[in-house]
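You will see two complexes here that share chain A, one where it goes with chain B and one where it goes with chain C.
This part shows the complex of A and B:
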């Protein structure tokens, strides 16, 4: 790894503590990722990004700031990145996915807060992640009570803009979200000092759509049997797309998709054709949370699709590119984002329809519906999902877990028993 | 044909050896090394049966220690093994409640002992043998003494499901001079409530069997019966059903391959 010590020191990071993280990550990544057989060549780029995870992209962001650009940190797939890029800014997904940061969050948050929020707050307060220290502004939202209140704590640290995400999807809610996007445009213009017009927003819409199209290609390849890429690798691609440069992200995902399509033509895969095909549905898995994927795939089953924010919810729908005026574009953005189905909405039967559709498209043998510990929304919704899937004879298991390793053996037993049921 | 089934749990390792016409079983504390415990079980089974290691055709291993044990021909989850073991002893059973040292499970089974669905406690000691062990220590008892020491007539309800909070709650209860037997009945009730809730969520079909080390404790059986509202069967060898299931699964595989 290149030497980033000076850069980290300039950011005011806690270098001693950060060294601990830098020491454990390569080993964890090696054990989970590099032990896999027949990985696509296209994964080399993502392996490289992980090997320099706190160096290469943060350096680009700092260079961007040096040249007068602004960086916005985000925490949710409902934040329209298009607005930020239209103003020449960089948007980067920040969610924390490591147990390493949880204790830092627990210093200020109640114990019954989900690990994603704890890790995100801890990463900032402990100053052990450059991504959390670089942004000029955090763009947050109110998709759950835990996040809503955590932002009030982080607002003491960094300028914060909150987007009010509707809780229902009536016409007036879509209109309200369009108004939020309009406000957000004003905020971004003020921070960047750049006006957003129909031309720049139109280009940004195409830029982000292209990234979505590339990810859709990678996911489409996973519909094949044998599956040409592991669930772990596909998850890593999505995770890195949250903060990589969107044009490069699209290019890399397209390169990977080319290779996967070639593999399909040759009939080669990374799991035997008869390996159980599993869908993961539920809460996001922020980098470096690979825990459940690793357990499932180590037991010989292939994860072929994630119905989650680090999966289909991130890229499934495109923004209408034919919108030509700013008003039309704002409306098109609102419509696209309101198609995403998160458990923070009610009613949310469209999410169940998504799961049914994905199970069919990806020829899924069983569903592992999972949520991070203390995520009330997704864990409550799991009851309804189980009812519907059971009616349709689709085997399903619900797993609640966090970032720690302590339930690893228990989870292994549960997943293994679930696979035994599928294989009989 | 000779097979062995081993269930290496967090507290105890159990084993069954089955040969045409006879079977033997053995149990030892798992201790710190699941690997050594598994080996010791094999040695004991061979000694009890008078058979030699090279006569054993298949060894199936289950329980949390299954991954560490290298002499397994196959590893199977305890969920499948308990289902198979109980089906052999009580074919009418459709729901199995298994409470072991570190987890509790509810298994819904079909007519042939196949697993239809199951539920397992999330990462938390509430409703497990570990919970009772911590509480027994707080009460100055061994976990094996709890069953006989309870007095349900003087029931002291424990409101905390959490092992940490429940421990301070019973210390407080003792300090207020409440009878020990009543506190213990309250602990059993707490485990019963917790596990019954998990069972109800999955759906309870009769008959119901109760297995695992905690099933030895008649107080927990009583509490579960009260909570679920049905009679529960505790197999005489309630700790061995997983090992029995593993041995039977090994036996069936061999027979199929013949």
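This part shows the complex of A and C:
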């Protein structure tokens, strides 16, 4: 592993505290990932990224800044990365997925805040993550109460632009989102000093669409039985796609998809054909949150799809590439992003339709509907989802968890009982 | 007390369960309210309303419906009652303030939901409150995550219209709120069968403004030292104003204000002049939530102002009465409602300005910043508020509580220590 100590020091990181994280992560990753059997060779790239997680990509970002480029940190799948790349910038997802950062967030946020928000704020305030220190600007968004207010605290730390996400999906809400994208273009142009035009935005739309297409190929492969890739591995691919260079991300996901398609042709799988096929629905799992996937798959079930922001919501819909003027492109972006069904919208019955459709496409035996503790949006929707799935005889359990390991055994017991029921 | 059993039965209420509530409430009210010394005579009306709380006003509403009128139940100070009254309807605030209803809400909502939302949903589902059963329509609003999702569950019970409240306060957000008011006018016209015009809306604007002016007079009187009315009594006045007939509400508040102004002339107060003067800031206290006020005032401090939806946020701003066309009136309504500073907006620094201003106007010695458990919006803002107030040497404590009595002693101890500090 290369030595990044100087780079981290230059970023003003708390090196002593950061060392603690650097000691735990490889071991955790080894236990969860490297013990898996028959992993696709295409996972080597992602394993390498994790092995240098705070080194290789941050170094690229710093190099980009050295060459005059700008870096934008984001926290949500509703932020249109296309705009940033159209101006020659880098957009990188920052969401924190480790308990390590939670206590830092709790210094300023109510303990009753979801761990993703607490970890994200803590990672910045404690200066233990290079990704949070590099960006020239954070691009945040009004999706849930917790994030909306957390931005007010982070705004004291770093320049921020807030995208106001509509709460409903009427025509005027799509128009409102288009107006937000227009504003965002202005902000990005100002920060980067580069004008965005139909040509550059068109290219960026293709760039990000290509990443989505590659992820769609990986996910499509998971529809096969036996499933050629574990849920843990697929989750890692998505997690890393959030902040990797999008062209490389597409390339690597396409390489992996080639291999998975070959495996399907050969009938090769990583779980026996009769292993229960599980869908995870609900809140995102930011890197390195692999807890639930690890529990489920260690019990012999295969997670074949995630209906989440670190799953299908991230890449399912493409932006219309035939839009040729800036106005048309902005409209196409607004329409694409407003197709994503987050629980922050009301009503949000289209999300239930998504779950039904995915359960069918991925031949799911049971759904583990999960939400991060204190996420009122997803936990309230779980009531409505359970009603519909029960009517359709689709087995479902609801799990609320956080980033700590305290509930590990309890979750294992609950998941085990659920899988037992599916196997009958 | 009149016999309303038949009326309640006709509403489909759970009479047995409701009897339990009817037994507890008078005793609770007696202990909290009737033990106070030197209460203004003007409080007799409000005492009467509480003594017949599920009788007299519901009977009026039912009579209104019998005569062809419609009733709209609301949950938020952002719902423009003016529109309902302009169409000859009745708007009535429904927010639940009792622990009695919480368990009913928890049957369908996550336990991690604020007690106000759980109680409101429980009051409807358990059929133990006539106010929740009478309305022809609920007019809900997208303010916080908990409410936004709870409406999706309540929508299975009763016709609902949702007003989409903006999350920011830019010019385009005021315009968006005006568009929501326009939609709401259409909905109310349809439900009532009555057209709203500039004349009827103008009259309704005056009607509701008059109620606001009357409440402003009551609150202005609280600026005097010694304070001529307890915080508990003032809170009760506001709570009842949420659902009483607005013309009567104004009349009764004006009568009370006359008496309070007389008291000020006479130098009569309900607390000694040296009693600590307290501001409560934060989340609303729906009837019959008197817990914190009771604790504070039982310890000898006077609550002189509430920066909350059951306080200044309810009546501080008036709608411009010079607007003469429907378009102008809609705009004036949007501007007035968007002046209210709820923590659901971002940024919301104007709320901090409000608190600073109120502390000065009401000559406040200390602030008790309070939030209902699991209200992430207000609890996150409390961090920012505490920072500013501490810089200004304004003593402040933050209290998180719910509707249960479990934390009563603990709160008393904390408030006592805070008051002790103020008295030094």
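Basically, the second predicted complex is superposed on the first by the 424 of 424 C-alpha atoms of A that agree within 3 Å, B and C clash if a C-alpha of one lies under 4 Å from a C-alpha of the other, contacts with A are read in each partner's own complex, and residues count from 1 in each chain.
Quick note on the criterion: contacts are C-beta pairs under 8 Å (C-beta built on N, C-alpha and C of every residue); 3 or more make two chains touch, one makes a residue touch a chain.
Please read all numbers here as calculations on a predicted model, not as lab measurements.
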Which of chain B and chain C A:405 touches, first, second, both or neither: neither
Contacts of A:376 with chain B and chain C, given as first, second, both or neither: second
Touching partner for A:113 - first (chain B), second (chain C), both, neither: second
Touched partner set for A:360, first chain B, second chain C, both or neither: neither
Contacts of A:417 with chain B and chain C, given as first, second, both or neither: first
First, second, both or neither for A:348, with chain B first and chain C second: second
More chain A residues in contact - chain B or chain C: C
Touching partner for A:273 - first (chain B), second (chain C), both, neither: neither
Contact residues of chain A, present in both the chain B and the chain C interface: 373, 400
Residue numbers on chain A that touch chain B, as the complex places them: 373, 400-402, 404, 406-407, 409-410, 412-414, 416-417, 420-421, 424
For the chain C and chain A complex, residues of the former touching the latter: 108-110, 112-113, 142, 144-146, 148-153, 155, 162, 164, 166-168, 172-173, 176, 179, 343-344, 346-348, 373-374, 376-377, 379-384, 400
In the complex, chain B residues that touch chain A: 64, 67, 76-80, 102-103, 114-116, 118, 120, 122-123
